[in-house]
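Got some structures for you, see below.
Both of the next two complexes hold chain A, though its partner changes from chain B to chain C.
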Partner chain A sequence: MFKYIWFKEVKESLSTWKGMLWLFVSSLIFSFTSYLLLTDKELSLLDQTELLWLLSKVIIGVAILIVAIDASSIITSEFEKETAESLFITPLKLKDLLLGKLLASLTLWGQIYIVAVPYMVVTSMGSGLLWGFAGYVALLGSLGITAMVMVIFAISLLYRSSKNTLTTSLIILLALSIPAFFSSTLTNNPMAQFFGVVNPVDNIFSSLDNVLVDYHQSLLQNWNYLLPLLLFLIASAVFMFFAAKRFQKEGVIKND
Partner chain B sequence: MTNAKLKLIILILGVAIMTLFSSPARASSQAVTASAPLTIQILSAQTLSGTAGDFVTVEGQLQNTSQIPVTDVTIYLSLVDLQNKLPVDLEDWSAEKGQYIGSVDPGQTLPLRWKIHFVKAGDYSIAIVADTGGNNMPLISTITHFQVSPKRNLNPGQVLPVAFGIPVLLLLLFAFLNYRQTIKHS
Partner chain C sequence: MDTVISIKNLTKSYGSAKAIDDLNMEIAQGEFFGFLGPNGAGKTTTIRILTGIIKADKGEVLINGFGLEEKEKIAGIIGVIPESHGFYNWMSAWKYLQFFADLYQIKRDKQDNLIKLLLQQVDLLNSKDSKIGTFSRGMRQRLGLARALINNPKILFLDEPTLGLDPQGQEDIQRLLKKLNQDGVTIFLSSHLLPEVSNLCSKIAIISKGKLVAQGTMDELRRTTHAKKQYYLKIQGDFAPSSLGKFPGKFFKVSHKSDLSELTYEGSLEDANELINILKTEDMNILEFYPAADSLTDIFLKLTK
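On to the complex of A and B.
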């Protein structure tokens, strides 16, 4: 049953301006960034490894933002369009709905990733880092985005409103991204270091730094960044599970 | 003891005390003078030119022409933007901004070498400066000029086909999907 929801969402997104506009906007951002970075590299201002690191951060950052905005409305729109009631009259279970919508959101991430591949190829030419670059962007992006989408789905089930879900999701995303803008002096602060260990966005960026700048490409060498990400993924799944339980208890029509 | 003899003794004692207390200062002053005979030369051409993004090597030589060792020698580059009349931060220009040499023995000659990246177009002057222990005056080499011409490359790393091609390709794909859907509905 989840496949029906998944294919329906993907088909809808591909046949509307909205769905394709995301991909077009992300391609424009990648074009601008890679052109700017390669021009800078030509002037020897930037090592190629740092260039790849910056581009990988842009790819994952743009993807998380777009998928988060899309995921904020993918469930709540069913309540706002009042299609949720008719949806649950069918033999569809909540877990099928959530799984179908989760796969639809991850498909959007997959589409953004496919758009990013030519940029990854052209910027990593001659560095020998293409596989590490493309592989870790896929792995870290998938882990981070899956976890983020599950958090957003949980918020959607609790709020049942696009506006509130979107606002909360963006605030969470902003809070997690702020340390990425900290200077090196601030990141040396013990409090910032602790926050960096538990922050999934920080772990994604640190792992990319480890792979692309420090050439530590094996999974074992990135385990200290992957483990917190996996724990965040599990915590997000647990949060979604509890939100789903509460949703089922309250019913489709909420009795306040 | 006559008054004149007393005055003479006081005068001799005064001179002796002054000599005693002033000797370290004199010795230090001699050391300052002695540490000065270091010569720094830039061996590269007086004018180096290239395009932004190029690398050049600035070679120099440090020589102790005195009879005593010169200690705590630190050398660094001084780069000045002649058009903007401003010193330039070497951050992007050279990985090695300064070098600590330590002690230079009498008559010793040391080679100096810096790899410089031409980062930005313009006219620049560069000199090697040396600080030595106990010397208030830095030593400086002659000046070499950099003439950096701008780099105009519209397609760095063959990125242009990708940077323009992908957004255009996506627009075409969307137009095709939209067209197919319109045909289907009609």
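On to the complex of A and C.
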């Protein structure tokens, strides 16, 4: 049953301006970043592996942001456009709805990834890192985005409002990105180091650094970064499960 | 007749406010059941509970013998037009019905004929490829009805299906509903349009503040509601009730047309008999005297006041 929801969402994003706009925006950002990395005098002094690391961070960062914004309304729009009641009087189950919408969000991630492929190919030319680069961006992006989307779906089921879901999701994303703004002195602080270890976004970027800059490309060599990501994924799934339970208890239409 | 909807001691509260208070009803197979009540009486809440959209606090509901926990079985035999139902405006009418046919797991090879038939029934076949976003309210409502019928339901729940439609739109929907009922579909209709309910429904329930205040056929409801009845009188000449002196009951509408007086009288049957005798002794020429049937509006207002 989930596939009908998935196909509906994909068709909607293709038949409306929204889906195309996201792809256009991401290609614009990737073009701009790649152009700067390859032509800017100071940036071109960086080692190629450093350039790849920067681009990989941009690809995953942009994808997480776009998918998060899109996912914030993918469930709540069913309530706001009053289509939820018609959906739930059919034999459709909540788990099918969630799975279908999750796959739709991952499809958007897939589309952004495809847009990023040419930029990955061009920037990694001659480095011999293309497969590691493309493979780890796909793996880490998929894990991080799946987890983030599940958190957003849980929030959507609790709030049932796009505005509140989007605001909360952006606050969470911002909180997870905080280590990126830490100064080098602050990163040595034990509290900041602990936050870095448990923070999924930080682990994605550290793993990419490990793969692209330090040439540690096997999964075993990245286990210490992948494990917190997997734990975050499991925690997100548990959060979504409890939000779904609460949703079912409250009913499709919530009367406060 | 078999009971297809059975509601026992149904209760639902929102905080301290009771939306439904110990509701008991039974609806027989093939019945066209009208469900009336003022705003906030609990009609929509009742329909939402019966269709599994929200959960009751207490009570037992059986839909065609299935408890509400058997959601999938119930979903297969009911069709619903909810009070507020949005549409996917970017879809065409055809694609919209196809999407719901998929959700009901109707095989693709059967979908084309079914969708064509439904669009024909609701008079939307010519607009099958138009985007729903371009549809008028009436067209959307008819499309909603087609969607509610896609799984060939045994029971149809309709929450204000003709709300906001022009008279022609209302009539189109009503004609379709009559036809469906004649074909054996049990219809549970919640509506504010009392003439619509009295015209369509074989049985009517009235709720007020979450409680069932009356249930039955129109005649049964009339019997429930009046101790006093209204009568129409037509008398030759220019008649004024004040000229009679003392009489039981009361006149409350008097009009004079040329040499005729038309009056509405309210009183018990005994009062009416006594009045006739008084009028005869006064040598009044009574041209017409007959009891007026209470309209559903009168009954509704009496019961929900």
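Simple rule for what comes next: the second predicted complex is superposed on the first by the 251 of 256 C-alpha atoms of A that agree within 3 Å, B and C clash if a C-alpha of one lies under 4 Å from a C-alpha of the other, contacts with A are read in each partner's own complex, and residues count from 1 in each chain.
Here is the rule we use: contacts are C-beta pairs under 8 Å (C-beta built on N, C-alpha and C of every residue); 3 or more make two chains touch, one makes a residue touch a chain.
On a predicted model such as this, the values are computed, not experimentally measured, just so you know.
Considered on the superposed chain A, chain B and chain C are sterically compatible, since they fit side by side.
By the touch criterion stated above, A:I234 is placed in contact with neither chain B nor chain C. Contact with chain C, but none with chain B, is seen for A:M1 once the two complexes are overlaid on the shared chain. By the touch criterion defined above, A:L219 reaches neither chain B nor chain C. Using the contact criterion defined above for the overlaid structures, shared-chain residue A:P91 touches chain C, although it does not reach chain B.
When the shared chain is aligned, chain B and chain C each come close enough to touch A:S15. In the superposition on chain A, A:T83 contacts chain C only, with no contact to chain B. For the pair chain B and chain C, the minimum alpha-carbon spacing after aligning on chain A is 6 Å.
Shared contact residues of chain A with chain B and chain C: 15. On the chain A side of its complex with chain C, the touching residues are 1, 4, 8, 12, 15-16, 81-83, 85-92, 249-253, 255-256. Chain contact summary for the complex, chain A toward chain B: residues 14-15, 17, 20, 23-24, 27-28, 30-32, 34-35, 38-39, 41-45, 115, 118-119, 121-123, 125. Chain contact summary for the complex, chain B toward chain A: residues 52-53, 55, 92, 117-120, 151, 153, 156-160, 162-167, 170-171, 173-174, 177-178, 181.
Interface of chain C with chain A (complex): residues 14, 19, 48, 51-55, 71-72, 75-76, 78, 80, 82, 84-88, 90, 99-100, 102-105, 144, 147, 151.
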